[in-house]
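In the two assemblies presented below, subunit A is common to both, partnered first by subunit B and then by subunit C.
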Partner chain A sequence: MNILPQLILNSIIAGAIYFLVVLGFNLIYGATKFFNLAHGIMAAIGGYSVFYFSETLGVSIYVAIILGVAFAGFSGFALDKFIYLPLRRRKASNNVLFVASLGAMTSLQAIIAILFSSKFKMFPQNVTTQKLFTIFGGIITQTQLVILVSAVLVMLGLVILLYKTQFGKAVRAISEDEEMARIIGIDTNKIIGYVFFIGSAIAGFTGILVGFDVGIEPNMGLNLLLKGVIASIVGGIGNIYGGVLGAFLLGFVENLGIWKISGEWKDAISFALLIVFLIFRPRGIMNK
Partner chain B sequence: MEYLIHLAILFSIYAILGVSLNLVVGYTGLLSVTHAAFFGVGAYTTAIFLTKSDIGFFSSLIFGIVIAVVVSSLIGVVLSKFKGDYYALGTFGFNTIVFAIFLNWQNLTMGPLGISGIPKPELFGINFANNFNFLVLSFIFLFLVYFFSRFVVNSSFGRVLKAIREDEIAISVFGYNTLYFKLIIFVISSAMAAVAGSLFASYITFIDPSSFQLQESMFILVIIILGGLANLRGSLLGALFLILLPEILRFVGFPSGIEAQMRQVVYGIILILLMLYRPQGVIGEYKL
Partner chain C sequence: MSQSAKRVIGVIVVVAIVVIGYFVLRSPKEVSETTIKIGVVAPLTGDLAFMGEGIRDAILIAKENLGDTKNKYEVIFEDDQLDAKMSASASYKLLSADTVDAFVTFSSVTGNVVAPIAEQNNIVHFGIASDPNVAKGKYNFIHWTPPSEENKVFIAELQRRGIKKLGIFEGNAQGAAAVIADLKEQLKGTGIEIVTDQVFNFGEKDFRTTIAKVKDSEADIYLLLAFSPELEILVKQMKEAGISTPITSIESFELSEQLVLFEGEWYINSADPTADFISKFNAKTGKSPTLGAANAYDIFNLIVAANEKVEGTSKPTSDQVVNELMNITNFSGALGTLSVNEDGIVVSKAAVRMITDGKPVTVAN
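Up next is the complex of A and B:
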């Protein structure tokens, strides 16, 4: 059997997931200019919320998804309100924000592990109960199809939000120059709070999709974050279209890489890609 | 008494790690989160040589240092081009790659099973299997590392490092090749971490990859940020406090199953609180 079509399909699906992480990450990076390491944990919060609401409380799965996305969004908003905003007010350097987010990431991940144990968990609607589709000789599950469609929809939604609304204009102004945006009367701290909400909600949604696809574990946030950061640097940080390229390039390199090398080296392969880019093109594919 | 000696040995190992990382993070202002990787290089080199050959502890220690120097020079050339967030992310990635190597190079490292039965050192007829003798040995290494570090930071070389931290462009205008200085201090610091690794491996007599992952690098970072950046005594203080912290937490009486997770929560909260209220640590001389 030829496994190439399957590998290509897997690469596209992995790329779509990384792309969703990158979207939120880039949005927050653009507005605040620091690497928010706690971004990945929002995915875990989304995934575990759905698990909690639907499994433990027995809420219908669609309501649980909405609650999960909202909960992840509020967590991001709260992090900004109670940690990052006070630091920004004090004109803290990027390194301070970076370390604070490292602390937030560690604590939240450990709290999730305490509440739900560090064991791997599956959603009830998992691979075994799903419909399968065959495309060009590769197999794709219903969830994976949903992942592909959502990646496109979320991106379209974000582009409309950023380029067609007043709010989007304000966000772009802040990304360009926060000082200037404040001078012309934009309440930058309020807008950045909303940006954290939206970015974290997208991350939470990604975590939920990953949960349906392969399951959830407390570590998932860190893994997604690392891939998201690599993809955004490779594509050119802060650049939406660069994010698409970076995410899919990473997906392909990883999945075609394990064709020749065994699967455990996936993480090492993706970081090797990062280091190659840091050596030869640290500003990424798209950035000038 | 025996238990106090055990804690004192752990303290001296982590103090070596803290003091050496402070050279890079505190004095040079480069946020490195890859110290555990070189800690691991030292530990694995000693473990492999002591279990598979009969060259003795001190030769294996030298080998560990040599390998750490070679590896850190190679990756250091790449990293030294950067500062700030990008430096931190590059080291983040490097730690992940090294961890993957420890985990997956099964023939050499035994993978997740780890290496057990590492013998204790012996020299001039003194057997260091006695914990008190081992304590003396690890204190001797701590003194060597501490005084060498003090010599480095008080020398003209150390003054250039601080100048790089304050304003890299300004100091390079004066004709100093900053890349070279950043590389040298990274290599020195990594070599010291390898020493700590050798001590750790032969003291615990068992190592597995989980001791050298990202969380461990973060733990060392907590030590030096808490104690104080750019202050070598601060790192001793930080190591002392964080080695004793689990003992203090034991009195609080968390259920034993979540003890490790609870510690991570506490470390994370310490980082956040420090960033919010005292970014220079207890007796630090430099704010991130």
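Up next is the complex of A and C:
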């Protein structure tokens, strides 16, 4: 049997997950110009919210998903309001914001572990047999199909939001020059707050999808963020289209890379790709 | 001298008097009784907490069942979540703050971290571990069914079932590596071929490409050596990939709480504990003993037996305890009659088990 279709399918699925992480990460980076390490933990917040609402409170899974996405969004918004915004007002450097985000990530991860234990959890829907589909000779599960469709829809939604609305214009203006955006009357802090909400909500949604596909654990956000950051740097940090390229390139390199060698090399291959780009094209594929 | 400086000196003098007084009043009582402190490093939280709890319960049962002893025994538990970094910090804490006289660890990961620390500090260390390297050195011991014993039973079962092609999925860990290295050696000349051997890292959650690679291997059975949750995720993704080939394991199935995933599959495990231990464990916890619980029970009793055998009234030295441990033969333990071999390994037997109705059932001892 030819395994290539399955490998390509696996690469696309992995790429779609990384892409969803990158999308929110790049959106926030574009507006704030700092590495928000707490972005990954929003994925865990989304995943654990769904687990809590559906498992503990018995809320319908669809309502739990909406609540999970909203909760992650509000968490990101709150981080900006209570940590990043006061620091920005004090003209804190990006290094200070980076360290603050590291602190936020670590403490939120610890809180999740205290509330839910550090034990890996599977959603009940995940344990039962999922519907399987065959595409071009490769097998894909129902959840993975949802991941692929979601990645496309979220991307389309974000492109429409950024390029067809006043809000999008404001976000792009801030991304290009925050000072200038403020001078022309844009309430930059308010817009950045909304950007945090949207970016974090996307991360929360990613965490929920990963939860259905594999499961959830408190440090899931860090693992996702690491791959997201690699994809972001490879594609061009802060660039949404670059994020697409970086995420899928990483997915393909990882999965095709271990075709003929052991799977234990997967992470080494990802980071080798990062190093290659940092040396030869540090601004990524899309940024000049 | 200013007033505030006088106050500071006054406070220091009072604190010094209290501290000295405390130790002076306390010390005679402590000198009169020898307390042997045993530090246990096990996963008490995290994915394998249920195993760490089993080990803790077994040791507490052993302690409660101690008869009259010459020495007093104190057990201090430290959680390492089966994370090597936490194992190291837990053992250093036990060493420096608690001044333990012996270590007990769970897993080859932890055992390999603590073994050199024990050796350097002349502290007796008992690992519940597969990797024979854990027993290297004068002060290190293992109480676990050795890979050679497990593989002997495993190969006999493969032959009995007419299995010729074996596929392997192994987590990148010392224990699994030790089992596979011995298995490859023992398979020579048996006619059983390893058709694929896939290694993956701890924390891996996406096995789909690895699974796609082995689909054409025509293995008659897949041997899975992994911890939770990688084990459960791997099995789930194998099923999703349409693999219906039987799966088996050496120990791993009982490292999971979701035994239902392995329903009807046979595997190799350490031999059943004695009925006496099972009933004691059940009475205390209301559960069946978890993997490693009987070993932990035996280890506590072996350490006690060795310390009690040392003659004299002063506290036994680690060298004296090691000498006594090396001389132990025909010790009646929770895993049968035990002896410590020349490599510091307490040899126990292996058994074939099967998951039936979500529970492990021994099919051949």
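Here, the second predicted complex is superposed on the first by the 286 of 288 C-alpha atoms of A that agree within 3 Å, B and C clash if a C-alpha of one lies under 4 Å from a C-alpha of the other, contacts with A are read in each partner's own complex, and residues count from 1 in each chain.
By definition in this document, a contact is a pair of C-beta atoms (placed from the backbone, for glycine too) under 8 Å apart; a residue touches a chain by one contact, two chains touch by 3 or more.
Fair warning: this is a prediction, and the values are worked out from it, not measured in the lab.
Aligning the shared subunit A places subunit B and subunit C in steric conflict. In the superposition on chain A, A:Phe34 makes contact with subunit B only, while subunit C stays out of contact range. Set against each other, subunit B and subunit C touch different numbers of residues in subunit A, with B touching more.
Judged by the touch definition given at the top, the superposed model places A:Leu102 against subunit B, while subunit C stays out of reach.
After overlaying the two complexes on the shared chain, residue contacts for A:Phe167 are found with neither subunit B nor subunit C. In the superposition on chain A, A:Phe74 makes contact with neither subunit B nor subunit C. When the shared chain is aligned, subunit B comes close enough to touch A:Ile111, but subunit C does not.
Of the two partner chains, subunit B is the only one touched by A:Phe271; subunit C is not. After overlaying the two complexes on the shared chain, residue contacts for A:Ile83 are found with subunit B alone; subunit C is out of touch.
Once the two complexes are laid over each other on the shared chain, residue contacts for A:Tyr52 go to neither subunit B nor subunit C. In the superposed model, A:Phe252 makes contact with neither subunit B nor subunit C. Among the listed stretches 111-119, 147-155, 201-209 or 345-353 of subunit C, only 111-119 clashes with subunit B once the two complexes are superposed. Residues 118, 262, 264, 267 of subunit A contact both subunit B in one complex and subunit C in the other.
Partner subunit A is touched in their complex by these residues of subunit B: 31, 33, 75, 78, 81-82, 84-86, 88-90, 92-94, 96-97, 100-101, 103-104, 214-215, 218, 221, 225, 258, 261-262, 264-265, 267-272, 275-276, 279, 287-288.
Residues 34-35, 83, 86-87, 92-100, 102-111, 113-114, 118, 222, 226, 229-230, 233, 262, 264-265, 267-268, 271-272, 274-275, 278-279, 282 of subunit A are the ones touching subunit B in the complex. Residues 45-47, 49, 81, 172, 198-201, 203-210, 212-213, 215-216, 228-229, 232-233, 236, 239-242, 258 of subunit C touch subunit A in their complex. Within the complex formed with subunit C, the subunit A residues making contact are 1, 3, 6-7, 10, 13-14, 117-120, 122, 126-127, 129-130, 132, 139, 141, 214-215, 217, 223, 255, 258-259, 262-264, 266-267.
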